[in-house]
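Next come the structures, one after another.
Across the two complexes that follow, subunit A remains constant while its partner is subunit B and subsequently subunit C.
This part shows the complex of A and B:
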């Protein structure tokens, strides 16, 4: 009896608190609306801030109310329809956004890639793709992208593992990792502009750090070290080859490594800290060296994390655009990448057909990486379970 | 802006009434008062003008046509838009055309004219022939029919220099291409560097070199070949074009002629490129009139200042003088007498004079009085513009985007850092969209 009673009280109290919340919300919105009306066309800083917040509040409010009402309606249904309706309420909008924002545009892009002309209305078949894989400039762009993926992913991961190994439990580890992670917080365009100063060659007034170092090395190195236009150099440090990236591309790649290495370090380092101490100790007791313990025990233990880092960085590199926008001098020095080409073809050169073909190729290139990533995530979950 | 305009109206009204009071007995002025007061030919009519001109510039052009509004009774309502091209398209397609628009692209004018949206201002052809420098009749003509007279213009065939440095060294302004080359060599012999060249402009790196080439084509091959080249009636790598590019190469690909050498050109931003003129780092810089704004504040400009501009010389002294640049077309969308009257007025020297007096403007109208321009640098520009014979728009803007915003830029960059003229021109020709 008492149990039923207490249950009843509880439900009454939740009813009451629901009512209080509803009343508070209504009153709150009433007050907001009142202030908004009072402000009218006011244009002062307070009015501006308030109006912005008001718009956000109204938008969020409507969204919550919309889902709340739909959910309440779904709850009125009888099982099994109730559960299904509830799922539909929450999954539905996401599904609509996914279809409208990703799947439909992908299909349209794939269709556009078969056309040409400034209005993208002339049938072109697979000729855009043919051009991409046969014309020299386009092949060089593909080459660059491959090197971007290899070098950025490789070096970022290696730096990440190395720092995670040697900085682990060192004095000043947090500071070292924070410094390494900091570039992550800088936008890629910002990073591009900063590094443009580093690589600058301005004979009237030299301020480029790299040229300063380069010229400073002159007494030590053989030959004559003179200020160099690094971002215009299409040779691989003097070697001219269609397979090797130009030094200009390498110097842009360094910028992205600078950004991504911190990410790799922080993630891998966190995983290493999660390796049980007794495991490593057992290995040491069995006579393993530091080095063996790390490579044979610790690294295999965090394998899935490393794969996550590698795939995430690979996806980021395939999309690289901003750095080349900021430092690429318009792609005139065999230094273009696919994402930048996609943009310039579509929007500056009004060759949307070709731009779409590049987008499709990028999309196809990303798919296996995403697949590996997803399978890896699944393996991680299963390992935990 | 509204307030200022109201003020202007008030000021005009007050001054007219004061005039009337002061000279009440004078028969002449009472006549004037009569026309402004009573029988204005278009009293109550409204003409709308749509353009990309805004803020201070809009106020200036509105101030300049105020007397016309007072005299005729036409209320000219001007609207400037930051997204002019897109907005104009929406309005014209939606049947909500302005009466007049100032269109800055010949391509857009041609498209709208061919779609039958534009009312031809055929009667003004004679005015343009009589008043304006050469080229504008053809530029305003689409498929043999004259549509639009010019409004304002800007110019690109300029070489920036320092009058003080030239005077100091005893250099004379070259009037032929050969004199320009000779002067360049003389400067080298004197231990200086003649040219500053910079083509860096992020994703648009290379465009300043395309301007060089266009200017050379106009000079070495002539305006007819230029038109054929831009419209692709002749291939991009036509021998005449190759020759013109080589003429440019004789300057910009000569390491002795260019400050820091040709290799510096892509990495030198166009904004910074010409600044060494101020401290004798170089002596000449070919760039459009807008470059005057790039010099640091406090720089004196004009024939007696620290920087000035001279006309990019022709091959022979008596060659017709081409002028590369841009400008707006007065385009009519409604066939009404008051619209035609406003268009005619805006084409006249009378309006040009009012507008010149307001500053920061150039007109291709030869009858306009350049002495009304107060700024010495602007006066130089105006004199050079009306002193030229054939006006042409920047050709790369009229070429297909794949070329004009693409390979023309990138190939010029490759060319200036080593690629041969023949190879670069062929690469551009190969990239020209088929059909």
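This part shows the complex of A and C:
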């Protein structure tokens, strides 16, 4: 912080205090660096905590020094260059990151998708894309992504609307909503482990919740209910079809519904609370039932919010990766998705050309959704103005 | 602070309005809740029962993991966690063994906890600082093409990060990169991917601060840096807090960016270590449950203590591609 302030408030801080601060920073850094070097690769508690703090301090310290020193240098210039240089210090780093980190790489990725080979230097035309839309395994991946989007978006939104409706102003509403929302806070890797445990199969002593319930239902349901490896079943509950997702995919989809439903609930619930009482009251006086009042008045009123929820979840689902990493056995059981395929092709199979093509397809899939969302948000703002 | 004019009272009530409002400067006076009469009840006994059933259903899996992480290994492997209540035996052994557990990498699991901290704290601070500087410039500094640049930045929200991974990694490993080592690479990657949304949100906020305040400071001879650090940043705390929490949880829970840019297990966060553990110790639930729970503690604390900011950040993030 001191570096920034000394750069800006030149009138207050004297040259001497600046020198003192600079010396303190240098000496302090030297001491920290010395201890860090002494600790080396040690794994004791002190070593770990110190190294963590050191890394954090270096990162944040560099950031502060970076802006502080550049701004101080810019301030040494004469007008009109001084003001121009200050603008550059403020906005330049962000622009460099955006151009160098987003725009240029995106163009390069689009270009890479037209090449193949281990060095990605062999011209391949559109053959990567052709492979994606003709080879069976790749088509199954696309199929899975479509089902992910339909099922997660659909069920999460339905759960969200249902809970938002019935929980509204009931006793314990915040607790119920928080319980539903909790999965949103944890990582998808953590969620994957939680659900792997639910689906676990240990034929001799059943500790997986789902198999325990499943086998427990045996006397009630027709047929024989035996312990099942849910995450390895490529049939849709016994039906083999190229158009239906395997059960293994369905059981991963459930995990993402579990994560996203809370998001839908919280957002739709906030919108429902904003519906004017008079509207509902007027419908009641006209003889509408609760059900009619909800579907004819409240739901249309929050339509734009529901669209926001649907588009946001759609984008999140298109990019799902962690869950398949945690539970999908590498996507080898006809249960792959695009983002996981992008990762494995690019970074484990060294097939960057194909990985890039998958990234481009993801990008093309996201654009219309973002466009709908943007238009929707614009309409919302205009309706408000 | 009290000079900030209250934002116009909202009449509509859609969420994005709530989001936009929350991301606008406002005074405490403005916080009166809109219309809360008891007449508009849409709930019913059946509906309430369904809500609680869903809430229960949503909690059971996490609860099972939590209980299991405290049960002795023998119990975990022979009985379901639901039998815990008839035969409660509690142990901390699982946590002890997972913290000391060294997989193929030879590093204890505790190491990855600290890696996660070292990745996440700067990974949340750096993007916000860089974005705040840019947002200030885009709001209060005059230069040609300013509005066009802002529109361009907003448009970049469309780009999924998958589009950038391969070329960025090629650059980092090319020898032209000024960065050495994995963790700073992860910071920079997270900074890049967070930039469009953070600039968009912060410019909306910083740009709507009252211009009289900023101009008065200019007239008094304050430099941009003074105005930025002494005036704009303190006034922007609500917006920064929301974005910071969102970004913190995003980085803490991230797997993809860390896996691509971390460069091996030395710099891997807990998410990555857990994935490896699933691969090698997939049925050692005494390790997996405790390990997963350790990785969840920090987000759960953040979530439970800062839920309001967390929800706001999520709402704000919903415009991203």
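Keep in mind that, in the parts below, the second predicted complex is superposed on the first by the 286 of 385 C-alpha atoms of A that agree within 3 Å, B and C clash if a C-alpha of one lies under 4 Å from a C-alpha of the other, contacts with A are read in each partner's own complex, and residues count from 1 in each chain.
Basically, a residue touches a chain if its C-beta (ideal position, glycine included) is under 8 Å from a C-beta of that chain, and two chains touch if they have at least 3 such contacts.
Since the model is a prediction, treat every value here as computed from it, not as a measurement.
Enquirer: Looking at the overlay, does A:154 come into contact with subunit B only (first), subunit C only (second), both, or neither?
Expert: In the superposed model, A:154 contacts neither subunit B nor subunit C.
Enquirer: Between subunit B and subunit C, pick out the one touching the greater number of residues of subunit A.
Expert: Looking at subunit A, the partner in contact with more of its residues is C.
Enquirer: Which holds for A:203: it touches subunit B only (first), subunit C only (second), both, or neither?
Expert: A:203 contacts subunit B only, not subunit C.
Enquirer: Could you look at A:216 and tell me whether it touches subunit B, subunit C, both or neither (first, second, both, neither)?
Expert: neither
Enquirer: Between subunit B (first) and subunit C (second), which, if any, makes contact with A:19: first, second, both or neither?
Expert: Touch status of A:19: no partner.
Enquirer: First (subunit B), second (subunit C), both or neither: which does A:59 touch?
Expert: In the superposition, A:59 contacts subunit C only.
Enquirer: Scan A:325 for contacts with subunit B and subunit C and give back first, second, both or neither.
Expert: both
Enquirer: Answer with first, second, both or neither: which of subunit B and subunit C does A:350 touch in the superposed model?
Expert: first
Enquirer: Just checking: does A:360 make contact with subunit B only, subunit C only, both, or neither of them? Give me first, second, both or neither.
Expert: second
Enquirer: So, A:28: does it touch subunit B (first), subunit C (second), both, or neither?
Expert: In the superposition, A:28 contacts neither subunit B nor subunit C.
Enquirer: Under the contact rule defined above, give the subunit A residues that sit at the interface with subunit B and also at the interface with subunit C.
Expert: In subunit A, positions 200, 202, 325-326 sit in both the subunit B and subunit C interfaces.
Enquirer: Which residues of subunit A touch subunit B in their complex?
Expert: Those in contact with subunit B are residues 116-118, 200-204, 229, 231-232, 325-326, 328-333, 344, 348-351.
Enquirer: For a test of understanding, state which residues of subunit B touch subunit A in their complex under the given definition.
Expert: The touching residues are 200-206, 259-260, 263-264, 266-268, 276, 281, 400-402, 405-406, 409-411, 413-414, 417, 433.
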